[in-house]
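Below you'll find a set of structures to go through.
Paired with subunit B in one complex and with subunit C in the other, subunit A is shared by the two complexes that follow.
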Partner chain A sequence: MNRSVDALRATFGPAIGRALESCGDTIVYVGREALRDVMAWLRDTPQQTYDYLVDITAVEYRDRERPLEVVYILRSLTRRTDLRVKVELDPQGDLTIDSVVSLWRGADWLEREVYDMFGITFRGHPDLRRILMWETYAEGHPLRKDFPLRGRFSRAEQVRQALAAQPEAHYSLEELSIAAAYEELPADMKERLRRGERGRLPDSE
Partner chain B sequence: MSKRTVELELATPGVDARGEPLRVPLGVAEHPDLAAEHMLINIGPQHPATHGVLRLVVELDGETVVRVIPHLGYLHSGFEKLGEYRHYNQIIPLTDRTDYLSPMANNVGFALAAERLMGIAITPRCTVLRVIACEMSRIISHMVWLGTTSIDLGAFTPFLWAFQERERIYNLQEMWTGARLTTSVTRVGGLMADVPGDFVAGLRHFTQTFPKTLSEIDRVLTRNAVWVGRTQGVGVLTAAEATNHSLSGPMLRASGVAYDVRKDKPYLDYETYDFDVVVGEHGDVYDRYLVRLEECSQSNRILQQALDRLPDGPINIADPRVILPPKSRAMNDMEAMIYHFKQVMEGVKAPVGEAYVGIENPKGELGTYLVSDGTAKPVRWRIRPPSFINLSVLPKMAVGHLLSDLIAINASVDIVMGEVDR
Partner chain C sequence: MKRVIESKEVAGQSPNYLLAKLQDLVDWAVNSSRANSLWPMPFGTACCAIEFMATAASRYDFARFGMERQAFSPRQADVLICAGRLPFKLAPVIRRIYDQMPQPKWVISMGACASTGGIFDNYAMVQGIDTIVPVDVYVPGCPPRPEGLLYGVLLLHKKIKGESLFDRVPRRDEQPLDDRGLRLPPEQIDEISEPFGNSIHQFRSA
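Up next, the complex of A and B:
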């Protein structure tokens, strides 16, 4: 068992849940509210120095009773040690969790992918939008267990939507706000930009 | 004339077709705010310099990159979702298609994770053959990288040399597995097939002749003024930035971080091989080139050692619940037929638990994270995609450089969209 677990318990007390070992890796469960502090502590404490974020992903079990887990694989490059931190979320409840982008910039796209695939919102992420699916994708979050393998819509509906898609929808609003492209936008996208939905308005407006 | 012109300062005096000195207009004085306008240009998804279906939306100030917004997902195939509906051995063909420039290494990565999950120890011959598979993959992947990057930067000849070497490895892969690209060479607990009789001699011939090509590429590029000018000081990342952005593989090591999974978390007995971890100093495109070039010769060293020590013996473990019986026995022996039936119909069950195995793929650390609930199909199969994570640093690297440098920087990441999008 990784010795960081005892140090975590001594520092954070009840915020640290159970810890177990699987296939040689230590897994420690952390309460959702304490996640950001625990991660910052793991990164910055001299005896821990988990300076490298290997991966962020999520797991939803086939058993509907089990909570959805967000998994962080951390590594200390100096000590050559790995630690797996997990946070449990209720799939029916609020799927919001603190972002760790401010600690590891590498979390940027990883959190976007988890958001895209599982619908978990990362509070404090600078640019949380879909990454592998397109922005207007309406079928939900593909890696959730209630998402059928072939998608929610019929093949005919998927084709219809693809053919009816506006090319502008494939630009993010942030890009559309850049320079000259703004003037040529459809009215509804201009409206969304005006509401400040995402991105910034050009100075002329 | 309101147009101002300036004479180009060329090393040799240039003249145009009419014998006039070469002149270039600087801009029109009547439009003083022309330089203040930013331009939005779209590169890709169908563009040879983006190395696949990557789309970059670039905001330019003149020719200087102000912002890069990458768009992914054009090759998204939902492999991870598909894996939840497949037996462990049925997932292996999917791993070919993620990083399709090094399919054998992906096969090995997945098999190692499944074996750790099931607590299987593989045979000595299988271990060495998997090392050979991994290092062959590293060479072909780096050769593709070298060839395509040199084309991006205007050098055509190294491309031909690199692809010729890659072709020789592909022939060896075809000899071993019957396929050049979709190899699916591993099985949980062993390999799909042993290497054929003349494979060892063919690979040994390759390892003896490959260094000559490497030194030719080295002679053509490493001190080439154009190559050096296009790559040195471009896309610099410090060691701290590279670590903070979770980079891995040559991208991380070119920035001076000596982390190699083969040395630091050894798998497949890599700790018993004699090879060096190649580390760069400046973290620019040039150092990434040097790191990859030298990794090819290190891989060649490992291949030679692996061929020297290749032991005889079985390639598969002796467990009929995991390894399919040979066809002849399945057709003639009742017990073998039952095992065959159970494996095909029910699959190999993994105990409840989870395993993460990272291997040093050509692109970086390829992680396979498997979660099992005790059935024959994983609850979650997660690929930690090295080139996806390496690509995420592109916007940071490119800002402030010229548009043409963006192409060099993007090439230096060594992405393969099959893996980025999965």
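Up next, the complex of A and C:
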């Protein structure tokens, strides 16, 4: 068992749930509210120094009773230690959780992927958009267990919506604001740019 | 010319016969030029693209069939070779590339995934690129061997050589998307995309 678990219990008390060991890796469950504090502590405390966020992912089990888990895989490059932090969420309830982008910049796209596939909202994320599916994808979040394998719409409707999507819509607003394709953007993205959400308008220089 | 008209073979034929022969000659010249210098636009998205590269490289070498110059710009391409699976997110991209290619243009669908969706009968994958662009030659295989792709190219040669500039029906018109934004009627797309093989045991509502 990773010694970080005892240190976590000593510091955060009841916010730390059960801990277990699986295939040599330590898994510790953390309450949703304490997540950001715990992660900041794990990153910044000299004895912990989990400076590398390997991955963020989520798991929904086929067993309807089991909660949905968000998994953070941490590694300390200096101490050569791994720690897996899990947060349990109720699939039927509120799927909001604090973002860790401010701690690890690399969490940006990882959290976007989890949002895209599972519909988990990361509070404080700078640019929470879909990353694998296109922005106007309307069928839901594909890796949820209630999502049918072939999607919710008929194939013809899927083809129609896919063909109606703008290939430019896969870029961030920052990239789009400097692109020549600005005039061809969908109206809602132009509006978001006009409001100054991200990036700058082509003619504002 | 005078000698040809007075020759034994032509004499006594209707004037249309001569015109038809002339048309054949023009068709032969045009089609041979087209078929023997196809410039491919590779659209490689998966493992089929590896076989495509093998086909282009020295051992199989499709330059032997006039495909010396690969056009990585649709503006200078004749044949779009879709090598690999096509997710819905790439559907507008391949459609735009196809629209950007000048006429005359042809499409080869290489491999099981491009032709039918293959094993990927799921929410993310186009079930056959013929729901998006018209396809001339389907090459089966997962992935097809280079010989398979070359055979498909030769079939395309055959098809091109059978075309005629003088057809009453203009066969090579642009085929824009209809007002619904689709290439085919929705029922037809649904029919093309029907599950088959092992995937018949899965259901939309599952």
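Simple rule for what comes next: the second predicted complex is superposed on the first by the 162 of 205 C-alpha atoms of A that agree within 3 Å, B and C clash if a C-alpha of one lies under 4 Å from a C-alpha of the other, contacts with A are read in each partner's own complex, and residues count from 1 in each chain.
Throughout what follows, a contact is a pair of C-beta atoms (placed from the backbone, for glycine too) under 8 Å apart; a residue touches a chain by one contact, two chains touch by 3 or more.
The structure displayed is predicted, hence computed values, not measured ones.
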What is the contact status of A:25 with respect to subunit B (first) and subunit C (second): first, second, both, or neither?
first
Touching partner for A:157 - first (subunit B), second (subunit C), both, neither:
second
Touching partner for A:133 - first (subunit B), second (subunit C), both, neither
both
Touch test for A:71: subunit B only (first), subunit C only (second), both, or neither?
first
Comparing subunit B and subunit C in the superposed model, the one touching more of subunit A is B
Which partner does A:149 reach: the first (subunit B), the second (subunit C), both, or neither?
both
Residue by residue on subunit A, keep only those touching subunit B in one complex and subunit C in the other, then list them.
132-134, 142, 147, 149, 170
Within their complex, state which residues of subunit A touch subunit B.
22-25, 27, 51-55, 57, 59-63, 71, 73, 77, 80, 82, 84, 104-110, 113, 117, 130-134, 142-143, 147, 149, 170-172, 174-175, 178-181
Residues of subunit C defined as touching subunit A within the complex:
88-89, 91-93, 95-96, 121-124, 126-127, 131-132, 177, 180-182, 186-187, 189-190, 192-193, 195, 202, 204-206
Going by the contact rule set out above, which residues of subunit B touch subunit A in the complex?
37-40, 57, 59, 67, 69, 71-73, 76, 78, 80-82, 85, 116-117, 119, 241, 243-247, 257, 259, 264-265, 353-356, 358, 365, 367, 369, 371, 373, 379-380, 382, 384, 388-389, 391-393, 396, 421-422
Please output the residues of subunit A touching subunit C within their complex, sorted ascending.
132-134, 139, 142, 147-151, 154-167, 170
